[in-house]
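Two complexes follow with chain A in common, the first pairing it with chain B and the second with chain C.
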Partner chain A sequence: MSRLTKIVLIGLILFPFAFLLMLSLGRQWPYPVLLPEQWSLSNWQVVLGGSEGLGNSVLLSVLLSLSVATLSTGLSFWVSRHIAYHPKREAWLSLAYFPYVFAPVILAACLQFFFIVGGLYGTFGGVLLAQLFITFPYGVIFFSSFWNERLRSMEELVKTLGGSTRQAYAKVLVPVAKGALMTCFFQLFLISWFEYGLTNLIGVGKVPTLTLRVFQYVNEANVFLAALASCLLIMPPVILLWLNRQVVFQERNI
Partner chain B sequence: MQERWAAYSSRSLFVWLAAVPIVAGVSYALLYSLGLIGIMAEGLTLVHWQEVLTDTAFWRTLGFSLFVAAVSILLSLLLALALVLRAPQAFTRGTLSFFIYLPLSIPAIVMAFFIFQLLGKGGWLSRLSYQLGLISALEQFPDWVNDNYGIGIIVAHVIMATPFFTIFFANLYQNERLGEYLQLAATLGAKKRQRIFRVAVPVLLRRGLATVFLYFMFVMGSYEIPLLVGSQSVQMVSVRTIQRLQRYNLGDIPEAYAISVAYTVMVVILLGGLLWYNRKQMGRA
Partner chain C sequence: MLEIKQISKQFRGEAVLRDLSFTLQQHEMLSILGRSGSGKTTLLKVLAGLEAADSGTVLLEGKDLSQKPANQRGIVYLYQEALLFPHLNVFENIAFGLRLRKVPEMEVRRKVGHLLERLQLPEQSTKMPEQLSGGQRQRVAFGRALVIEPQVLLLDEPFGALDTETRRSMQQLLKRVAKDLGLTAIFVTHDLKEAMLMGDRLGMMDGGQLKIYGNRAEFIADEQTGALEEARFWTDLQSIKLTK
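Entry: the complex of A and B
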């Protein structure tokens, strides 16, 4: 690929990021000017000042996504081991594909009644549980290829040497699975971080994550704050990507 | 004993978190659509199903969802295959191998907002056209957002899916040692066109069929993008279902659930078709 084609491709890839950043820093953008007439950091100061509640949404989104990713990764790691070693492994695993038959938002619509009855409608716990319904099966599918005969032999060796199941997890399985656990955690964090429809329906707007904020600002025709909330939504995945690249780069150098 | 208890409880948890919500959701939607439960329940009736199945708008919604998914996936596949086959190594090492991942960090709702600000009548492209003298008023800019052909929805999905398929095919190219196959084909006298259309494209598409299909389902059931940049007169399935559920008319709710069940049945049939095809291919191999 020629250098020029590469530059054009990188330019096209970076365009949406630059465009959103431009809008988040703008104040006046009347038609037909190409760039905002005024530039200001005041929109970003809103986040730090907390006057629009955007700071709270950032914290709420981080807390929700961290909780969902931690719970789903831990539970799916534990459960997938028992599924993987079951004689009818394939039949069990096919259950994990069930949630993907539905679009998440339609799943939420069909489950609304149960969340109301359970007193979870419009609560942080309700949204967390609803997101678990999508992320947990994904985690099980993710880890299903991780378990193999070699790991089983290592586990049995621990037990032969007098170790307990807990020690097998703590001293062997978790350290061996560190890379897979991190990858799964990041992927589940992003699924939760990007979620809108299900969070909106089960949270009834009372759990205002960043995705809901973007939609709210778009509805209010507040282009600049919508762009700012979009930038805040994009930032963590970009940082994760950059960190991932650094780790891979370091590993290659080692 | 402890191990057996752990196995039993972990599998129970799996059933409760993966299968029970779906079975409960579908059952509830089915019972509601049959008039057996809900505020307006009057006993078993097929009237809501009749209304949905004889409503041309419902079939238009299903057709439109299929159309948007098919066009988006087709365009993304064309672009991704062209990029990968032009420079297979460029996306697995070097600068582009990092940059190509960046679009994956854009959530659907942000992509929808970006497309709205880019392609809308008052958007950036409209402004650029004005500055270049291509149009002299905002109204002259074509309807690329909230239009009946789903142009905005398709563009948004193409921007999201192309990097994904590029990364996917670039890795597949490497893992399947496609370079060596292509070299072998060249040694045997195959021309460039034959190497691409008779070797590379069939191998990549056949190996990636399941992933392509799952992405197709994802586009068909997408919600945020059609909600922001879609039209009100021709809607996609998720948007139509949720709007009917959230209306003040309680009579619309059973119909919304009937649409949910009908959509689920369609997805199950398509998934069944994929599994059947995969097994047939494996049987051949």
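Entry: the complex of A and C
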């Protein structure tokens, strides 16, 4: 690949991000002017000052996605192991596909009644639980191909060497699965981070995640704030992607 | 002493172990010869506590192990594959059982160092499993089992995946280590010569039933073991060579 092709490709990849950043710094951009007429940090100051509540939305989204990704990665890792070695493995695994038979919003509509009765409607806990309905089965499906006879034998070996089930997890299964756990965590974080339908329906606007904010600004035709919110929306996944890459490369170098 | 009394086990209605009874004396290695599907792996897994028997008892030094979980039996089960933990180096793989028991660091270093010497692995101690040859991996697996001084060692075709030359040297090494450390072990294999080489006593497993022979001559004399057929083959081959 020639140097010029590389530059063009990198430019094409980076262009949407640079464009969003540029928009977030612009103030007036009447047609047909090529670039915004005024440049200002005021939109970013609004975020840092907290008057638009975007800062809170960032924190809320980070907290929600980290909780959802951590809970569903851990839980699906543990449950998928039991499913993988169960005599009726296929039947249990097919249940994991159930939430995907419906669209997430239809699933949310079906669950709405139970969330209202349970007092979870419009709460952080409610949205977290609703997202788990999507992320947990995804994790189970993700890990279903991870477990095999070799790992099972390793686990049995730990036991005959005197280890408990907890020690088998802590000292062998989790370290061996580190790469898979990181990848699953990253994917579940992204699912939660960009989730809109379920969060909107169960959260009823009371849990304003960053993704909801972007849609809100787009609906209001506030391009500059929408661009700014989009910049914020991209940042954590990019950091996580970088971290994930570091871990994967580190593992390959061992 | 390990006593096995009337052990039976079925899988989906099919008998895999049929009323097995035998004893294993301390510091004795029992070789069990058997074809694939004869039930030898199931027998070892029942003894290790990894499978539950449908009936029968397992006594170790007079104590019933039937209700004891695998991690409290003092019986280590070794697989055909070395199954080294890929995230740990050779030293830490061998030290694994000691780390589980929270043995002091000095003691860990002493014991592991001693085993590394005995298994001819001192230069490999910092290497990762993927940097080792098949024979070296199997030696590390032995070290990992031996370091916790198990009361009984169960070896399920441990040399099955090795080439002929490595297999021979590993057989000699295990024989020597077993004698030096006074191991009590059951060695199962489908290889006739290996069974005869490794065992102080010999047994033959077929269709879930185990026959233990009083001595080597009885084992050879039994047509079922295939020893006579093997001997005939080599005699015939010799006579063909001589006539030519």
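Going forward, the second predicted complex is superposed on the first by the 231 of 254 C-alpha atoms of A that agree within 3 Å, B and C clash if a C-alpha of one lies under 4 Å from a C-alpha of the other, contacts with A are read in each partner's own complex, and residues count from 1 in each chain.
Criterion: contacts are C-beta pairs under 8 Å (C-beta built on N, C-alpha and C of every residue); 3 or more make two chains touch, one makes a residue touch a chain.
Source: prediction; values computed, not measured.
Colleague: Taking chain A as the common reference for superposition, should the pair chain B and chain C be classed as clashing or as fitting?
Modeller: fit
Colleague: Hey, in the superposed model, what angle do you get at chain A between chain B and chain C, Cα centres, nearest 10 degrees?
Modeller: 100
Colleague: With both complexes superposed on chain A, which partner does A:Lys171 reach: first (chain B), second (chain C), both or neither?
Modeller: So A:Lys171 only meets chain C here.
Colleague: In the superposed arrangement, does A:Leu34 touch chain B (first), chain C (second), both or neither?
Modeller: In the superposition, A:Leu34 touches chain B alone.
Colleague: In the overlay, answer first, second, both or neither for which of chain B and chain C A:Val140 touches.
Modeller: In the superposed model, A:Val140 contacts chain B only, not chain C.
Colleague: Go through the superposed model and pick first if A:Met154 touches only chain B, second if only chain C, both, or neither.
Modeller: A:Met154: touches chain C, not chain B.
Colleague: Touch test for A:Gly162: chain B only (first), chain C only (second), both, or neither?
Modeller: Touch partner of A:Gly162: chain C, not chain B.
Colleague: Tell me which touches more residues of chain A here: chain C or chain B.
Modeller: With both complexes superposed on chain A, more residues of chain A are touched by B.
Colleague: Just to confirm the geometry: in the superposition, how small does the C-alpha gap between chain B and chain C get, in angstrom?
Modeller: Comparing every C-alpha of chain B with every C-alpha of chain C, the smallest gap is 9 Å.
Colleague: Indicate the residue numbers of chain A shared between its chain B interface and its chain C interface, in ascending order.
Modeller: none
Colleague: Applying the document's contact rule, which stretches of chain C touch chain A when the two form their complex?
Modeller: The touching residues are 48-50, 69-73, 75-79, 81, 83, 85-87, 96-97, 99-101, 128, 144-145, 148.
Colleague: Quick one: which bits of chain B touch chain A in the complex? Just the residue numbers, please.
Modeller: Residues 2-3, 6-7, 10-11, 13-15, 17-19, 21-22, 24-26, 28-29, 86-87, 90, 95-96, 98-111, 113-114, 116-118, 122, 124, 126-128, 130-131, 138, 159, 163, 214, 217, 220-224, 228, 237-238, 241-242, 245, 256-257, 260, 263-264, 267-268, 271.
Colleague: Using the touch rule from the top, collect the residues of chain A that touch chain B in their complex.
Modeller: That would be residues 1, 6, 9-10, 13-14, 16-17, 19-20, 23, 31-34, 75, 78-79, 81-83, 86, 92, 95-107, 109-114, 132-133, 136-137, 140, 165, 190, 193-194, 196-197, 201, 211, 214-215, 218, 223, 226-227, 230, 233-234, 237-238, 240-241, 245 of chain A.
Colleague: Inside the complex, what are the residues of chain A that reach chain C?
Modeller: The contact residues of chain A facing chain C are 150, 153-154, 156-164, 167, 171-172, 175-176, 178, 254.
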